[in-house]
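Accompanying notes for the structure given below.
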Amino acid sequence: MQLGLIGLGRMGGNMRDRLRAAGHEVVGYDHHKETTDVASLAELVEKLAAPRVIWTMVPAGQITESTIDELAELMSDGDIIIDGGNSKFTDDAPRAERLKPKGISYIDCGVSGGIWGITNGYALMVGGDAATVAHCQPIFDALKPAGEFGFAHAGTHGAGHYAKMIHNGIEYGMMQAYAEGYEILTAAEIVENVPAIIKSWREGSVVKSWLLDLLDRALDEDPQLANLKGYVDDTGEGRWTIDEAVRLAVPANVLAASLFVRFGSRQEDSPAMKAVAALRNQFGGHAVRR
Amino acid sequence: MQLGLIGLGRMGGNMRDRLRAAGHEVVGYDHHKETTDVASLAELVEKLAAPRVIWTMVPAGQITESTIDELAELMSDGDIIIDGGNSKFTDDAPRAERLKPKGISYIDCGVSGGIWGITNGYALMVGGDAATVAHCQPIFDALKPAGEFGFAHAGTHGAGHYAKMIHNGIEYGMMQAYAEGYEILTAAEIVENVPAIIKSWREGSVVKSWLLDLLDRALDEDPQLANLKGYVDDTGEGRWTIDEAVRLAVPANVLAASLFVRFGSRQEDSPAMKAVAALRNQFGGHAVRR
Amino acid sequence: MQLGLIGLGRMGGNMRDRLRAAGHEVVGYDHHKETTDVASLAELVEKLAAPRVIWTMVPAGQITESTIDELAELMSDGDIIIDGGNSKFTDDAPRAERLKPKGISYIDCGVSGGIWGITNGYALMVGGDAATVAHCQPIFDALKPAGEFGFAHAGTHGAGHYAKMIHNGIEYGMMQAYAEGYEILTAAEIVENVPAIIKSWREGSVVKSWLLDLLDRALDEDPQLANLKGYVDDTGEGRWTIDEAVRLAVPANVLAASLFVRFGSRQEDSPAMKAVAALRNQFGGHAVRR
Amino acid sequence: MQLGLIGLGRMGGNMRDRLRAAGHEVVGYDHHKETTDVASLAELVEKLAAPRVIWTMVPAGQITESTIDELAELMSDGDIIIDGGNSKFTDDAPRAERLKPKGISYIDCGVSGGIWGITNGYALMVGGDAATVAHCQPIFDALKPAGEFGFAHAGTHGAGHYAKMIHNGIEYGMMQAYAEGYEILTAAEIVENVPAIIKSWREGSVVKSWLLDLLDRALDEDPQLANLKGYVDDTGEGRWTIDEAVRLAVPANVLAASLFVRFGSRQEDSPAMKAVAALRNQFGGHAVRR
C-alpha cells in the first residue's frame, strides 16, 4: 500500500528501505534535500491517494507537534496519521482529539530496533482504535520481524507510546545490570579474560540476550572499551518511566538507579558530593580536595 | 571419555543424560537409590579408570566441602575433581591447595542454564590451569551449547565460580528490570493488554532475551500471575556479588537493589518501616496501623 | 497584627494558639463548628480590617484552590493571601497571577514542625515579593522559633513550597537511613540493647538530630515497636521531589529509594516480585509460593 | 583514675585533654615525639599502677592488632584494654579470647563526635562484660557528654564496634539525603537563596540536626562550596554495614546507595558507563564520547 513517511534519518530512512523491499509504495519527506522524495509536506500529501496514511518519524516534542498540525491542514476526512517517534504518551490523546474534527484518525506507534531494524525488523507497539490499526496492518506487517512476535495493539491512544516508554525503561535497567557486572569483573583480581566470559554467556546461559550479543560485539572491537568515555545521554522515555512509577506508586529502584547513574555520568563535578565532602570536613576534619 | 558425576538432582541428572547422549560414559552417584548408578563414593571411584575425572554437583557449602574431602581420600595422583556447584569463589583456591599434595588437580566450573540445559546446553565458566582444563575439554564440549559460545576459561582457581557469581548478579538485575517495567504496565490505566506487549518485544526489540521469552511463557500460562505469591528466595551468588562490589568499590546500585527487594519480599513486616511509621507518628501525629 | 486563618486542624489550630499567645489577633475559620470563630468565609473577611492578611491551612489541591478562589471574590485591593499548606510549587505562580488583577498579593509558605510547632515554633520558608513578605513579617516572627533560625525568604512565588518540598524529601531520606540502621541492629545477634544504642546517639554523636530524639521517644513507649505495622503513607512532597530530580537530572538514589520503600510497604503483594518468582520458576524450576 | 592512652592524633589528643580536664590522670603514648608523654609502650605500662586500663586509639586493622598484641606481652593479670578505634566488630571476640589466658579483660568502644568531641563530649558504645565496663565507667563518664545521653553498653564483645559501624552507616545515609536535597535546590530555577533555606531548617523543622548545623556552617564559609571537589572517601564502617545488611537479609537501599555514590565520586571514568555507552552505540548508533 501507499505510505507517506516524514523524517528519513537513521530510523526513518531504514524504514523506508524495509517497506519498499516489502513492496509498499513509500513517499518520503525530509528537510535534507539529498534524501527526500518530495519538496514539501504539501507535495507529499498531493502524491498520495485518499484515504492517505502518513507516518511521522521526527524528533519528539515541538517538531512532531508542529509537523502533525501542519499535516492536519493538508489532509482530508478519512486520512490517517501515525506517529512513530518517541512522543510522550500524554501527547497522544490530545492529538487524536485535535485531529478528530477534521475526520483524521490517529495511531501512536512505539518503534524499537535501532539501526538493526532494517534487517531484523522493528518491534511495534500501537495505540488507537481497532479499525484504524487494521487498515494500517500491512505497513506494520512489513516493518515488524518475520514470525509471530514484534507487534502488539497495546490499547487506546497513547498505549503504544506507553509500552515503548516502559520498554526503554527496562532497557536502561538491563544495560545497567550488565554494566555493573562487567565493571566488577574488570576489577576482580582473579578474572583474567572478561571478554571471553561475556562471550561464554551468549548461549546456554540465563542472561543471554541481544544486548549481551552487542556487548560482546563492542568488546570484540575494543576489548577494554579504552576508546570510550563513560558518558551516557538519556532520552525522555527513561525519565517518563520514573515519573510514571512515582505517579502509580510502583517501587522502581532498578529503573530509577539506571537513570540516575546516567545523570551522574554527565556531571563534571557533583554538588551533592561537594556537600558530603564539606560535612565530613566539618565534623571530622577529614581532608577535602580543592 | 569417562566421568564420575556426584549429585543427580535437577541439574546433575540432566547433565548425565546430556553427556551420555554425546557418547560419554558417566557413572553417577546420588544418595537417592532410584537415581544412583553406584552404591557409594568408593564404588564410584573404583569404577573409573585412572586418571579419573569426577564432577561434583551438590549443594554449595558444607556438603560440597565434605564430598570433595571424602573423594580426595579415595582418589589418586593424576586424578581431577571439577566442582560444578554454586560454590563461593573464595573456596576454590584453598581446595586446590588441599588437593595438590595428593596429586589431584582441581577445576571450578560455573554452570548456567537451569532446567533447559539438557536441550540447549549449559554455559560453562571454568577456573584452573590450562592443562587440566584441556584434559576435560571433551566433557565441557558435550555440556556446552553447539556453536561458538557457552564456554570460557575465565582464569585461575576461583575464576569460574566468580564469573558464574557475576552472571547471577546480572540475572537478578535483568529480572528486576523486567519485573518493575511489568508492574508499571499492569498499573497503567491506558494499557489494555500487558501480555501482548511483553510478547511483542520478543523479536525486533532492544530488550529481547531468553528471560523475556520465559516471562512471555509464564504469562501464557497465567496471564495475571494470579497463582503466584511475590515471594522470592535468593541464593548466595547475588549476595556475594554485592560483597564483591563493596570490596572492590564498584557502584552497583542496580544489582544491590535487585537483591534487597528479594529480602523485602520475604518479610512479614518490616522493622525499618515500623520505625518510619513511628517517626511520622511522633512528629506529625500521622495515623499508624497497629 | 490581625490575621485570618482558615483551617484549624492539627496544624492550623496550634498555629492559632501560638499566634494568640504572641499577642496577635487571629480570626479562625473551620468547617467544624466547635473550633471555628466565624460562621463563614464572608464573615471572616468582614471581621478583618483592610488591608487584610488571610492564611490558608487546608489540604493541598482542590480544597486549597477553591478556598483561595472563593476568598478572592470576598477580598479587596491591597489584601494578602498566604498559603501555608503543602501545595505543589507549580500551583503558586498561577495563583499569584490569578489574584493580581484583583490587587491581592500572594505568598506561599512552607511550614515544618508538626505537632511540636506550637511550643518549638515552626520553620517557615516563604516565596513572594519582598514588600509583601515584609508586611507579614510579624506573623512569621510569631510562628517561627525564637532565635536566628527557622525563617527564610526562599525566592519568588513557589520558592517557599519548593523549599518545603525538598525539606520533606530529605526528611524521607533521613528517616529511612535511621530505619535501615535500626533494622540491622535488631537483626544482629551480637547486639543486646537496641533502644540503649539509639539513646546513646542523642548527644555527642554525629547522627544526633530531632528525628533521632523522636525515635528514642517511640522506643521508650514501645521498645520493639511491637504495636505498629510497617505501613507508611506518603504525601505529595516526596513524589514531587523525585519528579524534580528527574526533571533537573539530579542523581537522587537515596531520596528515591526512601519513597519507593514506602510504596512497597503498602502493597499486599508485589506484581514485580510475582514476575521474578515466575521467571525463576521458568528457568530453574525453583519452587514458588501459590 | 589513671588511664594509658595510645594514639594522640585528632581523636586521641583531644580525648586526653578532655579526660585531664575532668581530673583523670592520663599517660599518653604516640610515635610523634612532640605529643607523647612516654618513650615506649613499656614505659607507658610501667607508669601505670595495676590494675591498669589502657585505651588504644590507633588506625583500625593491622596497627591496632599489633599494638594490642604488644601490650598484652607487657600487661598483667587483672589489667584492661579498651579499643576505641574503628575496628571491625568481628575482630573483637577473637581479641578478647587471645587476652583472656593472660587475665587481661577487653572492651570494644565505638567513639563518635569527631573534632567537636573535646567540647561536646563523645558518644560511646561499648561491648564487653558488665564488671569490666563498670570498672572503666569513670573514664566513659568523663568522655561522654554531660546529661543522660551519649553512652550505651551495647552487648558482648564486638557490640560496641557494631553499634558504631551502624552509626556510621546511618551517618552516610543522612549526609547523602541532605546532599541530594541540596543539589536539587541548587539546580532549581525558582530558588534564589539556598544557604538561607538550609539555615531556616536549623530550628523548628523536622530535619534539624547537628549535621544540618554543620552544613550551614560550611555554606557560611563557602556559599557555593566552590572551593571543594565532590570527592568523598569512605572508611570501613560504611562497607561493613552493607556487608551486614546482605548477611542478615535486611533491605538497605539508602545505606547502600550512600556508599556507592562515594565510590563513584572517586572514579576518573566509569567502566560500567563505558559499557552502557558502548551498548547504546551498538544498537542505536548513538554518539559516544571518545
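Observations on the structure shown:
A, B, C and D label the chains in the order they appear, each numbered from 1.
Definition applied: a contact is a pair of C-beta atoms (placed from the backbone, for glycine too) under 8 Å apart; a residue touches a chain by one contact, two chains touch by 3 or more.
Computed from a predicted structure; not experimentally measured.
In terms of the stated touch criterion, the partners common to chain C and chain D are A, B, listed by label. Two copies of one sequence, chain B and chain D, touch each other mainly through matching residues, since over half of the numbers at the interface are common to both. With centres taken as mean Cα positions, chain D sits 38 Å from chain B. Inter-chain centre distance (chain A to chain D, centres taken as mean C-alpha positions): 47 Å. For chain A, the set of residues that touch two or more other chains comprises 114, 176, 178, 180, 183, 187, 206, 210-211, 245, 249-253, 257, 260-261, 264, 270, 272, 283-284. Of all residues in chain C, only 10, 114-116, 175-176, 178-180, 182-183, 186-187, 210-211, 214-215, 217-219, 222, 225, 227-233, 253, 257, 261-262, 264-265, 269-286, 288-290 touch chain B in the complex they form. Looking at the complex, you find that chain D touches chain B at residues 206, 234, 239, 242-243, 245-247, 249-253, 256-257, 259-261, 263-264, 266-267, 270, 272, 283-284. Those residues of chain D lying in contact with chain C across their complex are 89, 112-114, 117, 120-125, 127, 144-145, 147, 149-156, 158-159, 162-163, 166-174, 176-178, 180-181, 183-185, 187-188, 190-193, 196-197, 199-212, 241, 244-245, 248-255, 257-258, 260-261.
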